[in-house]
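Same chain, two partners: subunit A is paired with subunit B first, then with subunit C.
For the complex of A and B:
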């Protein structure tokens, strides 16, 4: 509590909580920003059926409490409340991921607990990075996220992916920039950048290769968390190296990315839940042609995928643009190794942008276009009104982020000033609104010109149609096997990149090198414990005896020395 | 006579240590009981001698209790048990005798190593007596861990207790020596009675875990 200082002096002390201590709540620009990120998601998911569950509200209360906490105890309490409530919600979906999730949540708590109370320094930051990073799904502790996030109901998945990881990143920002800010070292930022770029690469690649709709979205969350972490890392490094303008640029990218991701990812998760509700499956290989049965949902999903793919004029483009700028700037300064590293990072970001586009195209192309691959997909009906309303809200909020990112950046200025005092705000070199207007004008003019001068004559040609045959008479929806499946669509990427990075069996490195060794360790510990339990009384006696002799010898050694 | 106090106490302590060491090497139960009896008798003599040297009536009392119960009653009882259970020849060691002897020597080394520097300020008599008693305690514990037979383990435990009493009587001004030895004796008696009168287990090794194992097999 001593090491937790707020810029604001005024705070709200509630009399509930520890006896004689209570909660201390305060708000500053950073907290308000994250509240603003959380609010639309909470409204959108609260419209769904999840609002009837008590754990859902505890989950939200935990997130809000964490963001508004004015001292370490309240922060940790909110964080643990959030973990416990979301564990219950995951448990309601599936048992195995819930266990994995509980383990990760405990690990985060165990890392954060000492970190919040030890003096500022490298150890404190490492613990924060481990704890908050594990919760946010930063590589190498990300393998749980694609398993646990898809498990609960759609609203909770949306909130976990859009909100909970942001809260973890909030802790990282709060401590990295403010509480431990005075002791910041350049290597803190470097560690964040390395973890972030690994997350970006693995997340985008897995998002391209997975078949489950919600798993794809969860992998994409790993990617976006990685992007935010890269931005934060560059900012932290630049701040420690005394380059406030670069730090401000990278921070702009990271925060804008957090805002955009907090809008389009819950939208997509809600949509995935609606698809599962309508068709009984969320596996891409069983979907197809949904846009005919559920056009509104399809349109909203298209908007969300637009953001996920970081296409120009979409909400995801401006942050990526800023991030790339920051990386290019960083690659232009510093020593040779840093330059090489940032150039490689540039390549990774480019690759991941391409992969994210592929994943978005895959969701829309396989899931919503083409012919239905199953009867239930063919018979899908439009999603329920509240879900569509929530998604619509998130979609509408995407518009200012997509078209007026400059305005949002102006609103972000107090936050950036709070995190990096004396930073020069660089104006955004990307103006989508005029661009969109120009494009709209050009499209309208072309349409008008075609209408006016185009020929009306018709000409019949034989269509190749991508290998599609005419549907046979006994299969009204066409032969499903004549279409590419989700797996087939991803096959070339799997051959070129998947084998190189994930191996032949496409096992996540986080799983292979982190979770599997832990599992083996667990088995070994269990065996050792079992041996102890089965020991005869003589063996136990010998053990105690050996310990006694050892202590005596140590005593003698100490005395003799 | 006064200049004999230290050498004689030391001699008695040394004899007890030799007995404890011999217990470690002895494989046969009957011989172990005899050795234990001899150890207890030496302890009695040591108690009397310390009583004489320190002019302490309580130590005579301790010596008397030791003589009657440990040197006479317990060995007689143990012999009877051996006869009744017909385990005269049943001595198996869990460890080769040579190895346990080497370990014993190591333990004596540890005891000396610990006690001598720790008690630098005490009088010489106490220091060496303490080293000897700690060695006897450790050797008794070693007997307990290296034997499978419950009776041998009990004898090891009794020898350990002898070491404790030896430490107590060698300490000038130690209060409640007699009470301590009586309390330890009660403990011993309970152990012996518990093991043999109620026949809890013939061997400590064969703990009754058959039930647990069957449950485990079902779990697999």
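For the complex of A and C:
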């Protein structure tokens, strides 16, 4: 008999699937929200060459099935389909991270499988947190993400970073707030906040220090997953402590962050793929000056980085604003230890916001501005039409999120009411539309003043460069080593902060303390198994005999008792 | 209706004064600094003359610049100008008051900083890149410290807008407390860093290797450089007004009570002049730090910020509220 826990009340039963069981699909506001997050990415990546691959469509089907699942069995089936298809796609890109990725996917599945079928409580939530958290890239199980996400083609990377981690977070929300909601404890939220803040710190720091464009983006995904987890954690904790208005505020931030991240991160991944296609590399140390050859792509990347840096008037600022206010509110009441913890969290969020700005400036400033660092970067040509079209679609969808977050929050109301019944919505204290008007006004006034009072004279000259002379004619872009590289730009931060958190060799703590011990354990197990395999016939007979004796002794002991 | 009209008039006076007097404030600081060093110093109006001179000069565009070269100064100046409209000067209750959330303000500073960093990386020469990298390093600590300070302010004033915090601190009998003392010290460290003054950066320095903010502007000239200079002057004005509105709000006017405006104007002007002389005296008395000493200096600011919140938590715990 297959036992399952009902997730949603009204559902649609399809008669395909297991005999006598079938799929059960249902939609509610939460599922619709995540479908809406997935849809633009699917369209944008579907325009690229990935649509010819069967695994790609299975990957999408898995994600959609997970989100629409009405009961645990369908949910798990969709989740595993998503994992398996994405493993195939990663394998096609790069063998090495594919094994690691498969291991993590199995770990997620192994945690989720029992969690979905045991009674609600702390153990079930811990297993969900481990399973969904590992898939979403929450610290300490995040070290695989910056390796596996950059491996496949650009479209799949985009979908993994923008969509798959959201599906994992969807499971976390679905179970944390709804299915296990009645049994919720404050420590569930605290655990989520701690994991999230560690992800934010490590993700943003590594995004600043990495050199490969796609790895930078993947590290930034770890940061954004951390931000969403912090918001969800505060909401879960506040809900358990019976503070619905704070819970609603934090949830607004988390969900808006998921929406915004689902738009600008696929955009950036598609752009990174186009850069690799045009120049043969995505290492910042070999790029530079790309905006001359690829102005459209450069403009779109600038828009995406604007969102990634969480600057005001960009799509990333409203979620950051809401999350910061949620943390400030959470620090306002409660026990003194928790309040000090939230103060530290605020410092971490400030640090990582500045790091995110630095990482975004580094992508644009080193990769797209300045002088080319290689001939291929100098000869880069504009990206292909479908890629630009997909990126443009995501970019246009960023505009309402950036300028009218209040409207998006209105649309989120049913979801928030579903997750936190009786929550009072507070109006958003950040109004980008008037700010944008003021900014345009200021820029227009500056332009008019320059036109009225300034001269229009302009002359193109060799750059001043601290008084160094003009380079020789055989170096058309000047000496490449006289400009800051990606590594050089990050050096001060590596020196001050990187050494303290990642060590001298910049090894991720998730790698050092989680993956490496697992690897060593794996080697030891393999050796033990090898020893058994190589045993002589006498040793094997001895094993069997010893086992028999032990079994009989145990039997006798049980019967004697 | 009348309130809104008065708020509009106050906002217009505010913008005229802030945008008009920002270079003068810079002039006062340079003059005071020179006098303290025993020199005559440039006239008070020198910054205006510098700006006028730059506007008349031919802009030299580097051949390695991209199409965005001319856009960055506009973004930096516009974002700073919007921030200047949000921070109250002589009077509270400006028409922009509901927008003046402290976190929005931090975001606008970050936007201006990001555009300046991109301007530094624009032409692809070493000094600009080094300046941008150092600016990123400093910003890590200033953003963390400011956010923790915002927590202290919100806990005391129960509102996140700069305007509301100032009004609460003026009328709310907050009184002197250890918490606010720590917050004040931390805020001063952050303000010195954000405005690029000694001991973090030297706006009058001429050695490229030691520059931070100036290094990013090395490849700019003519009217585009004028925009960056003006934005720097505006930033000094904003930070001084911000510190005056939050920590020294006594005497500042309310936009709805027109009779308080002259008092507010005088009070604001006196505070700016005192602030300019204090800054000059501090700069003369201190030496510029090595770049890698600055994170320690800002780490202290962050620590003071956290301590100011912790003291508040302890106080509420002991007070039993």
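The rule we apply is simple: the second predicted complex is superposed on the first by the 523 of 561 C-alpha atoms of A that agree within 3 Å, B and C clash if a C-alpha of one lies under 4 Å from a C-alpha of the other, contacts with A are read in each partner's own complex, and residues count from 1 in each chain.
By our rule, contacts are C-beta pairs under 8 Å (C-beta built on N, C-alpha and C of every residue); 3 or more make two chains touch, one makes a residue touch a chain.
Predicted, not measured: the structure shown is a model, and the values here were computed from it.
Visitor: With the two structures laid over each other on chain A, which partner does A:460 touch: subunit B (first), subunit C (second), both, or neither?
Guide: Touch partner of A:460: subunit C, not subunit B.
Visitor: Tell me the contact category for A:24 with respect to subunit B and subunit C: first, second, both or neither.
Guide: Touch status of A:24: no partner.
Visitor: Touching A:343 in the superposition: subunit B (first), subunit C (second), both, neither?
Guide: It touches subunit C, and subunit B stays clear.
Visitor: Going by the contact rule set out at the top, does A:538 touch subunit B (first), subunit C (second), both, or neither?
Guide: first
Visitor: Regarding the shared-chain residue A:484, is it in contact with subunit B (first), subunit C (second), both, or neither?
Guide: second
Visitor: For A:261, is the partner it touches subunit B (first), subunit C (second), both, or none of the two (neither)?
Guide: A:261: touches no partner chain.
Visitor: Counting only touches as set out at the top, which of subunit B and subunit C does A:206 meet: first, second, both, neither?
Guide: Neither partner.
Visitor: Looking only at contacts as defined up top, I'd like to know whether subunit B or subunit C touches more of subunit A.
Guide: The larger set of subunit A residues in touch belongs to C.
Visitor: With touch defined as at the start, can you tell me which subunit A residues reach subunit C in the complex?
Guide: 208, 288-289, 291-292, 295, 302, 309-313, 317, 320-321, 324-325, 328, 331-332, 336, 339-340, 343-344, 346-351, 353-355, 357-358, 360-361, 364-366, 368-371, 429-431, 434-435, 438-440, 442-443, 446-447, 450, 453-455, 457-466, 477-478, 482-484, 488-493, 495-497
Visitor: Looking at the complex, which residues from subunit C come into contact with subunit A?
Guide: Touching subunit A from subunit C are residues 52, 55-68, 74-75, 77-79, 81-82, 85, 96, 98-99, 101, 103-104, 107-108, 110-111, 113-114, 117-118, 120-130, 132-134, 136-137, 139-148, 150-151, 154-155, 160-161, 208, 218-219, 222-223, 226-227, 291-292, 295, 302, 305-306, 309-310, 313-314, 317.
Visitor: Name, in rising order, each residue of subunit B that touches subunit A in their complex.
Guide: Subunit B reaches subunit A through residues 94, 107, 110-111, 113-114, 117-118, 138, 141-142, 144-145, 147-148, 153, 204-205, 207, 209.
Visitor: Within the complex, which stretch of subunit A touches subunit B?
Guide: These residues of subunit A touch subunit B: 534, 536-538, 541-542, 545, 548-549, 552-553, 555-556, 559-560.
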